[in-house]
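As structure tokens, here come the structures.
The two complexes that follow have subunit A in common; it is paired with subunit B in the first and with subunit C in the second.
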Partner chain A sequence: MKAVIEESILRIYALIVKEFLTILKDKSSRVILFAPIIVQCFIFGYGASYHLEHVPYALYCQDNSKEAFSLLMKIKHTPKFEQIAVCDDMHCLTDKIDSQEALLGIYIPENFSKTKNIDILTDARNTASANTAASYVTQIIDENNSKNSILNFRYLFNPNNYTRYTILIGMCLGLSVIQVLLLSALSVCREKEDGTYDMMLMTPSKTYELLLGKAIAPVAIATVQSIILILICNFYFAIEIKGDVFSLLCLIVLFDLAIVGLGLAISTLCKTTMQALISGFSCCLVLILTSGLLTSIDGMPDWFRIIAKMNPVHYGIYAIWNIYLEGKSIFDILDLLIPLAVLGVITFSIAAYLFRHRIDN
Partner chain B sequence: MNKLKYLPILIYKEYLQILKDKSVFILSFALPLLLVLIYGSAIRMEIKPVSVCIVTQEQNSLTDRIVKEFLLSDYFVTQNTPDFIKANEMFKDEHFKVLIHIRGGKKKDISPGIEIEVYLNGVESQLASISLNYINQTIKSAFTKAGLSTSGYSVNIRNMFNEANESVWFLMSGHYVSILTLLCMFLGSFVISREWDRKTIETLCATNASATEIVLSKIIVYYVLTVFSIFILLVTGQWLYKTPISGSIILSFVSLFVYAFEMLCFGIFLSAKIKSQFNCAQIAVVIGFLPAVMLSGLIFDLRAVTPIISFIGHILPPTYQVKAMRILFLSGGQSLYIMFNILLQFTIAVILIALTVRQVKKDCK
Partner chain C sequence: MLIDIKDLEFSYKTKDRGNICVFKNFSFCLENSYKKICLTGPDGAGKSTLLKLLTGVLKPAKGSIKLRGLTPNTNDRHFIESISYMSQTLGLYKELSVIDNLKIFAALKGLDIKDSTEYLYSLLKKVDLLQFKDRQFDDLSGGMKQKIALLCAIASKPEILILDEPTVGVDPLSRKEIFSLIDEYIGTNEKSCCIFSSAYLDEAATSDFALILEDGQVILKGETTDLCSKVVNQTYTLEFSKNEKPDIRDIFSLTSRYIKNSPIIDLNPRLGQINLTVKENTHKEDLIDFLHENIKKDFILKKRECSLEDVYICYGMKNHVFVEPDFIKNMNFQKSDDIVVQVKDIKKKFGNFVAVEKSSFNVKKGEIFGLLGPNGAGKTTTFRMICGLLTQTEGEILVNGFDLSKAKNDARKTIGYVSQKFSLYQNLSTKENLVYFARSYGLKRDVQKKRIEKIVKDFSLEKFLNTKSGELPFGVQRQLSMACALLHHPKILFLDEATSGADPLARRKFFDKVLELSSYGTSVIVTTHFMEEAEYCDNFLIQDRGKILILGTPDETCTKNGKRISVKQAFVELIEHNRDKEDENEQA
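Now for the complex of A and B:
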């Protein structure tokens, strides 16, 4: 019995080594596995922000009162705001917004000191930034008027409410989804196209051994990538890891294992590299976009939320937020991990079933 | 036209090849459908409803008014409890997204004498800032109804070009661009690299056909597929989300067709340069997905990001296309810019074709 297990492990090990060699032997694919991930991490880190770093605005003021002046000075001296134009009529104001030079138009009509009316025009061709910019102005105007604000707010786990926290941490898993799926989707297909598939079947390896051997290499590569990303988040972007590192590592490995089954299932179904890449990539896109990473699940229509609940990436992303940002341990979030594991087992069994039946043909 | 003698034959060859492997059809017909559905439904900027818990320890007319305002608003699902400790625990376990704590006041200088503390979960930062916006407005309206004012000024906000403030509208015009970017680059990325992977490139080179003919035949055949994709994309997109088109419909079409052509050429250029389907697909995904979504101003406004990102965004063609589409769909007018954009995208396409031909010529030697 012991000898049988030992032999089996030896065969799996040999297959893993072989898989690593095929993936890493080519210099350009080595670069492609790691360079884009790091570039993306930096671009997401700096580019992904629902906050506005600076708000260009145009002004049209018809009132000469002291009150209007002090309010305008207040807006002008807010660091984020940049006055790009002072207009003499309404046409000019709308024009500045239409040409996308200004994000906001501020209009102060005559008799402002009496009526206290202010009009704010936003460029709602991008509703997200329009609403944010409008809320900035309202806040400044409110503060100008009442010294003590009765409304206090506090963001937990992310005190300055940086979008970067949400997206970068989610991306630590999100980017590895792409890798795991594409690599595993390709693993069987490549053999079919290169003609080495029959050779692999001629080895004494059994089906489950083949499956395991094929699964380990993508998982290992994706795990390494996630770790690199987490290191960048922690040391470069200074996002502190609140939870323990052990929980984080467990989550990453579990998550990658849950995804790899899907990739292998795709791989056995497809005949050519192109088919595998197309299906693998389509899956990636669906998984990432419906996971709630870029936009919240609560914004989606009801029927779409059901799809999101069947998405393993959704559980993975919420789990990594919980561990990394909120400091929970792996035992606190079993409600997220159990569905993840169940989905993983389901996809893996499907892959195993397909693998066995396809090989018999 | 003796120069292009072999072009029809090569086109026929490509046609047969596509018929043999149907996955290209899936890519060009099913993927736009799938993407339009997912992009349109999954990427939304409104969050409705937000689950809120209000803790009120003392009952008075003002707190009642505030709670009532929340209960009546369809932006919130509200529960009300006097127990702060229990509510706080439930908040930590994520039973609801926002916790509002209203305390009867000790501060004398504020007229109603109450203090409102809002706790938001910053892990989903976008959700948090949108919820705060809603809460701010709701509380203000409660104060106004109670005859108290938080601010002496009345601020009217007008949303230009999108009066309904509907995020699908602004996003959809950009989604068309990003879906096409992805689709065309992905489609293009297999075209020549596949010949390399199957080692049929040498056979192709050995024929009498010139590099120009080889490249052109591929571009023509795959562009026909792309045109079908654009139709599917626009028809389903407009049917599902009913985005209004304020500008010229013909110009919108022309603009999208030229842009798709450019992206296809870029994909084919990549596939000639990189010569491996896997590597090529990876790169197409990375640069096709990223700049079109992150750096084009589609979701994250380029006017508001750090200068370096804005600079990178402005080197890339999708940025100009997104801007043009927004003008065409939402505000209309500015035909000069639209023309400039079409010309720009077309010029880049021509340069890319020239580069691809050069590359293939070099490899065939």
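Now for the complex of A and C:
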């Protein structure tokens, strides 16, 4: 019995060493594994934000009251707002928005002081910026209207309400999804094309040994990548890690294991590396888009939300937010981790099934 | 002048091993009168490189090349239209149909497609492939692909045909057809000629000028008929009476590859007898004395007409460095009756297509068993089923007593497998590959170290331990594949066209190893397109269209009217006869 287990471990070890060597031996492939991830992290850090630092607006004001004047001054002195035109008619206002010179058009009708009526036009060709810009104005107007009861917003877990925080932290897992999925999707296909697949099957390795041997290298590489990304978030972008490091590490490994099963399943189904690459990539896109990282799950139709709930990336990303930003430990978020583990078991079983039954083709 | 090469210099850049010089101060001239020129030599001799230099695909670093007075230049329309090149990888479009491929290559060479459809059809008809004209190129069998690639080269009616191993991996039947196509082309077009490379010496023998290269040097050149006279008086046949015939495993180690002062350079079974090639100036009496001393059986030594292959072996062995072998002569090989592979009524269907029809055979311990058949006959399918890489639709396979459908992993521990294509991890070094396979077969550290040391020595891989296996010369890759398959001391070794593309000398050394293994009790199952290799087999079968046509020892299967014929002849006649019969039945 002992000898059987020893041999089995030796075989898995052989596979793992071989996988690491094939992935990491070339200097160029080492660069490809780590350089783009870091570059992407900075791109997301600076580029992926729904915040507006600069809101150009046009103004058409028909009211000369004191109230109107004070509101206008408030808007004008808000640092994000820049008045680019003062119009004399509606036509001019819409024109400025059509030509994309202004993101907002503010129209104050004649009897504003009495009716408190105000019209805001926004350029909804880009919904996200339109909403944000509109909400800025609303906030100013609200403050202006309710002199006695001022609404004070406090953004918990993200004091300055930086969208960058949530996206970046989510991306610590999101970017590694791409890596794990592609590495594992290519690993079997490459062997099929090189003819080494047969050689691997000819060794006395059992299916689960092959799967484990194939899974560990991509998981380890993706874990290292996630750690690098977290370090950048923590030290460079100064986003404080609220939770404990152990929980974070557990989550990352569990998450990567859940994804790698999917990659291996894709790899056994595809015949060429080209197919695997394209399938892997499309899969990544779907996984990330339905995860709730970039868009809110709450905004999706009910039936679609069920699909999103079957997405391991969804649980992973919510879990990392919980740990990183809220400081929860793994035991607090079992409601996210258990489905993640279940999904991992499912993808692995599919991969194992395909591995065993796809040999004939 | 047909070819005029002066002071050619050329080297390849590689990552691991730096610049590899292929040619240095290489000069060679050839008269215009030759029609069929053959290039041969071991792997890495520079055959393909030379052909590529002649077509202008590669540019020389120094020196000049002239082909019928023109400098090879792929931008020179006049030059391009006068030659056609068929590369080893064929270079056709896999996704396109046969006829589209033909049209593209004809059009690229300036043929008017509208007027030439009929002509292209007639070409296809000539090789009997007209019914496949709309088939996707990738779906054709190996032999058909090779024929289509040749047609693409011929279609534009070039003056010079340059063919790089046009028959590698092709069965004897298709080889015959390919060469009759070439002969017909150069026979009917007066100005045309063909320059080709080949590892088959029987093909080289049909050329009128042969050039043997080694390490970028011409080691022998001349008119083919003259070349044979170089080793006259060095070739013999050793004949035994039927009951006295020694086992090849008892005598193969009498050559100078095993015994330093042996007069015998080469010894191999042919036509039921043993062919000998001996050192220059060996007296017949000395030879007889040597043979009497080592073979305790009665024999008759006869002179034999020499072939190009003998010339090749003699010249190739000149630079052979003798290494003391650790193989100890085993002079009384005992055949065993233990059955190690038992195949019972297996059948394999892919959809509606029956790839293998009810087949049964047994392989005994220490036996060398051959699977022969034309491309697409079902050999590889049968082979893969016995290895457990495919599951049979019906029937039963027992490997070393293990039922393959139940105990695949136990069976696999006792199998070694060398595939047709080089299938090791190209990114990994020689040593890393060896270690990977050793571990995969569960060899513990101390055993692993010993085995690897031994096998590295056996296959002389010392120089290449840290080279990426993908950058090794082909010959070394072949050695390494075999080494990896033998690390765990398998009881059965599977060789799937393992000698494809190898030169005769490399094949001899390969079979020395096979015979060694076999005499220690390892069963070896081989598929091959070199029919003379089947002479080494204890038993072989010939398969076509999924059916076993014949099964038996070489002497049983290759006899016609009481006379022993070559395996190649028996093979070709059997397949042709069977196909005619089947086609008749179909029509009826």
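For this structure, a couple of remarks:
Assume the second predicted complex is superposed on the first by the 327 of 361 C-alpha atoms of A that agree within 3 Å, B and C clash if a C-alpha of one lies under 4 Å from a C-alpha of the other, contacts with A are read in each partner's own complex, and residues count from 1 in each chain.
Definition applied: a residue touches a chain if its C-beta (ideal position, glycine included) is under 8 Å from a C-beta of that chain, and two chains touch if they have at least 3 such contacts.
Model, not experiment: these values are computed from the prediction.
When both complexes are overlaid on chain A, the residue A:E240 reaches neither subunit B nor subunit C. Looking at the shared chain after the overlay, A:L201 reaches subunit C, while subunit B stays out of its contact range. Judged by the touch definition given at the top, the superposed model places A:A14 against subunit C, while subunit B stays out of reach. Taking subunit B and subunit C in turn and counting the residues of subunit A each one touches, the greater count comes from B. Applying the stated contact rule after C-alpha superposition, one finds that A:K25 touches subunit C and leaves subunit B untouched.
In the superposition on chain A, A:E193 contacts subunit B only, with no contact to subunit C. In the three-chain superposition model, subunit A touches both subunit B and subunit C at residues 26.
Contact residues on subunit C toward subunit A in their complex (touch as defined above): 387-391, 409-410, 412-413, 415, 417, 419, 421-428, 432, 435-444, 484. Across the complex, subunit A meets subunit C through its residues 6-7, 10-11, 13-15, 17-18, 21-22, 25-26, 194-196, 198-206, 359-360.
Those residues of subunit B that touch subunit A in the complex are listed here as 21, 23-24, 26-27, 31, 34-35, 38-39, 41-50, 97, 107, 109-110, 112, 114-130, 132-133, 136, 139, 150-163, 165-167, 169-170, 182, 186, 190, 194, 197-198, 274, 276-279, 281-283, 285-286, 289-290, 294-295, 297, 299-301, 303-306, 308-309, 312-313, 323, 326-327, 330-331, 333-334.
Residue ranges on subunit A touching subunit B, taken from their complex, read 26, 28-29, 32, 36, 39-40, 43-44, 46-56, 94, 97-100, 103, 105, 116-135, 137-138, 141-142, 145-146, 148, 150-159, 161-163, 165-166, 178, 182, 186, 190, 193, 270, 272-275, 277-278, 281-282, 284-286, 289-290, 292, 294-296, 298-301, 304, 308, 321-322, 325-326.
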